[in-house]
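Each of the next two complexes has subunit A plus one other chain: subunit B in the first, subunit C in the second.
Entry: the complex of A and B
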């Protein structure tokens, strides 16, 4: 067989124009080549809109404020000494972790409710529950801003009938943090809902039937069947949501602009304030880059766990 | 079929003629002989005000044979700042870009010096105030030309009826339309007493304590009236001074009578506060009054715009000028300069002021008594004292006189309001001062 191949190769070398055409056809005909060309537009887009800006911001982060001198890691060491920076780190963690926990919890509970609704009605509920997720967040957050508004707050107006309030929704640290997390949970929970619903549908009914025969109660079915079967989806959804929530900008920017007293700033909003509003682009780039190591650590842990379980399976 | 053959001589002659025609073409005075000019103007919030800009630019373009294109860029969510940052970074963009107060200094290296424009304009329109010089000049070089559209004083806009009823102050008598102010007793103490009385009456003053410009500008004027500077003109940190302590003590008493959610206010909140009829005074340009004219006429006819109260070190009012800058990498700088001269002529300024219903303020001394401010109403004369016609108060900007690149940080990080709020919310004076000192030291980065 090897001889034939060699022979074919020798023959092909003699008739080189034909060989070239045939090779090109072979290369183009390969599934991997077709796949590469099909993904090429996306690769180019990612390069232009993600990789290039990412490397450019790395470069910017090494410049001085006037962007005339290379300062190495000077901006990073400067940030480490700023009280506000550590406050932003703490707040970003509080915001992202709290919001993701509540989104996951609400998504999980509501997914179960929706899963138990029969056929046609379930479609309607699914559609309705997805509404917050499909409205552009900048637009829906503006509606929330009106609900929290100091002069015209619909919430305070309603609460006044019960003798409660007025609550400074965005003017007090606790309430302001509560409000931005609430809006983020409202916006993001449907994503968890739909992912969990898909995962629930893929759990074989036989497992529940077997558990029922064994006398497992509701909690045991959740703990020993549903959750283990959904583990990978939960991990990936949590990671994805953690990244998006950590990098949130619009909700905080519209509702509080980081106030009161910077107590609701996240990395993105503070980076904007420092970089654009205060004309310190290198420091702004530096602040935004701090998200990378934090999210990378989270990604490594979560994805390692997912692949481990994949191998076990 | 005969075919005419082109000789080499004919080819050379034809090429030479077409080249000559192409080279000389731009010098033939055609429709757009003086080239193209691209302009980025601030998108005015007053309906119809952009039309005045467009009409003036068109008049000039027709006369000068320049093809112009105008983009109106909103200031919402810092779109102008983003545009300026992007254009400065890319070294490409509009020829003229209208920029907010601090941006000429922020991009001083990228702006064309405009002394040849400003010096004749000052001769023609009168001297510009100190804030315009502070923000628009660097080392004797004019970085940009003060723009009339968008420039504003954020003085008190009071409710005539409520101030009379609860504070016993007749603001119309204090600042009579058509004549000089009689405001010797209008001091920070009187202001505070009035704020307390109106709060007791159920109509608190609507002063923000947030991080947006209205809150910061108010704090700036109050601090300056006590002589309180966080960083002085030389760039030294001067936070721990008696003047700053006095200003903080004053602010603490003021904050006690402001609405509870004032720390979350943005630049729209005070407007809404006045228009909703819930407050006796806000510190704002006449935009709130203009909206009230449309949405709450009964409120509008009780509004009176007037001067700031005086503190121990003088009477200061926040002034926020916009500027027109010409990028040094612009392609048609001469045309840009010519247009800026045209837009700064007395006739053009008058048109800008009229189109904005009196909101826009020229920076020049001879241009503060235009008929628009005397005539608009109701009530008639409500804006008479808005442009500071008697130089009754010093027009200033928060964080000045610190070197502008440091002051910009103090301004946009809202260090003044944050420090006042920290102290008012129970932080010790020394802790609040130490915090502000640390912040200011961080702003010294170059």
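Entry: the complex of A and C
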């Protein structure tokens, strides 16, 4: 008996350092720990590229032009008094809302057409229709810039046959605003198309058959079946697109640089002009910060609805 | 309510002919079941009646009117789908009233009809729930409710019980029968389950490879199958088919199953089969319940033989016995107390009064 006890004691002693190692291994082996380490690169990236610049711009926005003195909310009150600022607010809203509405509408309609194309052909069409979204916007916008050229462009040349024009596509406030929206819709509609197409495919055919038997015509089928079934996708894509469109930079920068007379400036392009080109970095940071509250309100409204429906569905 | 008629209806997909010329008359109030294996064209036929599939040839009539080119919404039919196809974003009441709301019925009438249907189907408490919150059986009831409130000319059921578990299926089968007894709407019901077909139908339509094999009451199909396919498809366990030939011996007509087994035919059968050429290759069709343990006293037409059982399956009220006759597997049904055991010899009796004789080549029942 005694031998056995000693044996057990030694075993226990030998085992104890092992247990410490096992503890560490347990911690490392926990699912939450593994998950943390797997997401760590992303967390670091977000910290470096999003959080740090965001807080840094908050800090910058409270400095004077030379960045030597703390001025508190001075930059903000200065902005509120400038007419250009309110024009940029208005133009950003008009641009984002109009562009998103048209992108969603065109995406929805084209998704229906593509959905009804059978099999292999559908893949071809899907690929072709995605092209605008795949080309880097800086490149494709340059092509548009040539198309919009007042004297030698394809658009005005074609229109001349109908006795129309020449239209100052980028030289007149209305046409310039129209043009940047047009290019943005051209660029962004394929994203809606692909999202809506996926959503359409997830609606069971039998629901449409049941609706057809229940007496629904095509419009009622879209209104009572398709739209309710796609509500969440529509809300999320709209929100996503609203944010991206609102913060658009490249299209306006390349086509008009904000002109004529700053009438096509968006927050991002104006912040760039004020902050970088006019060397007033604190004021530029201040302009860019104005996007946050506006987008936050939109995000809260749309996402609140999504989570509510998520619960009931 | 109305009768339904199909005249030489054909459905072709590219080069596959799914339905090959079907003629069918369904009278008012009748409960018709289309039954057959997968791919026999039964669902396609139903969907053509519904208007969900175009027809390639022939005519479909509902209430005497040709509806070939009438869209589903104008055919005044209601359909219950296999996966229920309830609108997930609508409540039970909204699901049921959808068709009526589209047709702008007065609110009071919609409410009355939904309440009545819910009461009939015993789903009154569920009326404000969403389909997600319902069990399979409850969803099935709602799908039926959606059909009932419309008060259509014809009900169409497309394998409505296939997604339910076995117990619920039996229960819902009875519910469907009860509902039909109350509303008496002409019904076309598609299933691959011959038990469902037999229990529900006024008349069963057995389909195979896009054609109708036989139309008849459940009893007719069971006792007087027209073809080998029907004989083998209806009934579980299936009818046995044993190769055989006719021979004359000592002035009586005999049926020879193997070198060692030959039975004299009962007089009625002998008269019926007497004119057949003795050289034809034939099949003896005999249902398992007509292959029982041999009693001491044999009825006229019963013949006994000895065999060795391969496998036995005790089912409680009966025992299924499997053995081979000259290499052909055969199934019989014996009393659980008859002493059947795996590998044991047993003396069995074949009731030739209930035999069928089939032509092996054409499959026709003679």
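Keep in mind that, in the parts below, the second predicted complex is superposed on the first by the 296 of 313 C-alpha atoms of A that agree within 3 Å, B and C clash if a C-alpha of one lies under 4 Å from a C-alpha of the other, contacts with A are read in each partner's own complex, and residues count from 1 in each chain.
Note that a contact is a pair of C-beta atoms (placed from the backbone, for glycine too) under 8 Å apart; a residue touches a chain by one contact, two chains touch by 3 or more.
Since we're looking at a predicted model, the values are computed, not measured.
When both complexes are overlaid on subunit A, subunit B and subunit C end up sitting side by side without clashing. Of the two partner chains placed around the shared chain by superposition, subunit C is the only one that A:228 touches, whereas subunit B remains out of contact.
Contacts of A:281 after superposition on the shared chain: subunit B is touched, whereas subunit C is not. In the superposition on chain A, A:82 contacts subunit B only, with no contact to subunit C. Greater residue coverage of subunit A by touch, when subunit B is weighed against subunit C, goes to B.
Of the two partner chains, subunit B is the only one touched by A:258; subunit C is not. In the superposition on chain A, contact of A:268 is made with neither subunit B nor subunit C.
Of the two partner chains placed by superposition, A:180 touches none, neither subunit B nor subunit C.
Within the superposed three-chain model, A:195 lies out of touch with both subunit B and subunit C [touch as defined at top].
Here the apex is the CA centre of subunit A, and the angle it makes with the centres of subunit B and subunit C after alignment on chain A is 150°, in steps of 10.
In the superposition on chain A, A:217 makes contact with subunit C only, not with subunit B. Annotation: superposed on chain A, subunit B and subunit C show a minimal Cα-Cα gap of 51 Å.
The part of subunit A that touches subunit B in the complex is made up of residues 64-66, 78, 81-84, 149-152, 166, 168-172, 176, 253, 256-262, 272-273, 276-281, 283. By the touch criterion stated above, subunit C contacts subunit A in their complex at residues 50-52, 71-73, 77-79, 81, 83, 85-89, 98-99, 102-103, 130, 132, 146, 150.
Those residues of subunit B lying in contact with subunit A across their complex are 77-78, 81-82, 85, 89, 102-103, 106-107, 109, 209-212, 259-266, 269, 272-273, 276, 278, 405, 408-409, 412-414, 418, 421-422, 435, 438-439, 442, 445-446. By the touch criterion stated above, subunit A contacts subunit C in their complex at residues 204, 206-207, 209-217, 220, 224-225, 228-229, 231, 312-313.
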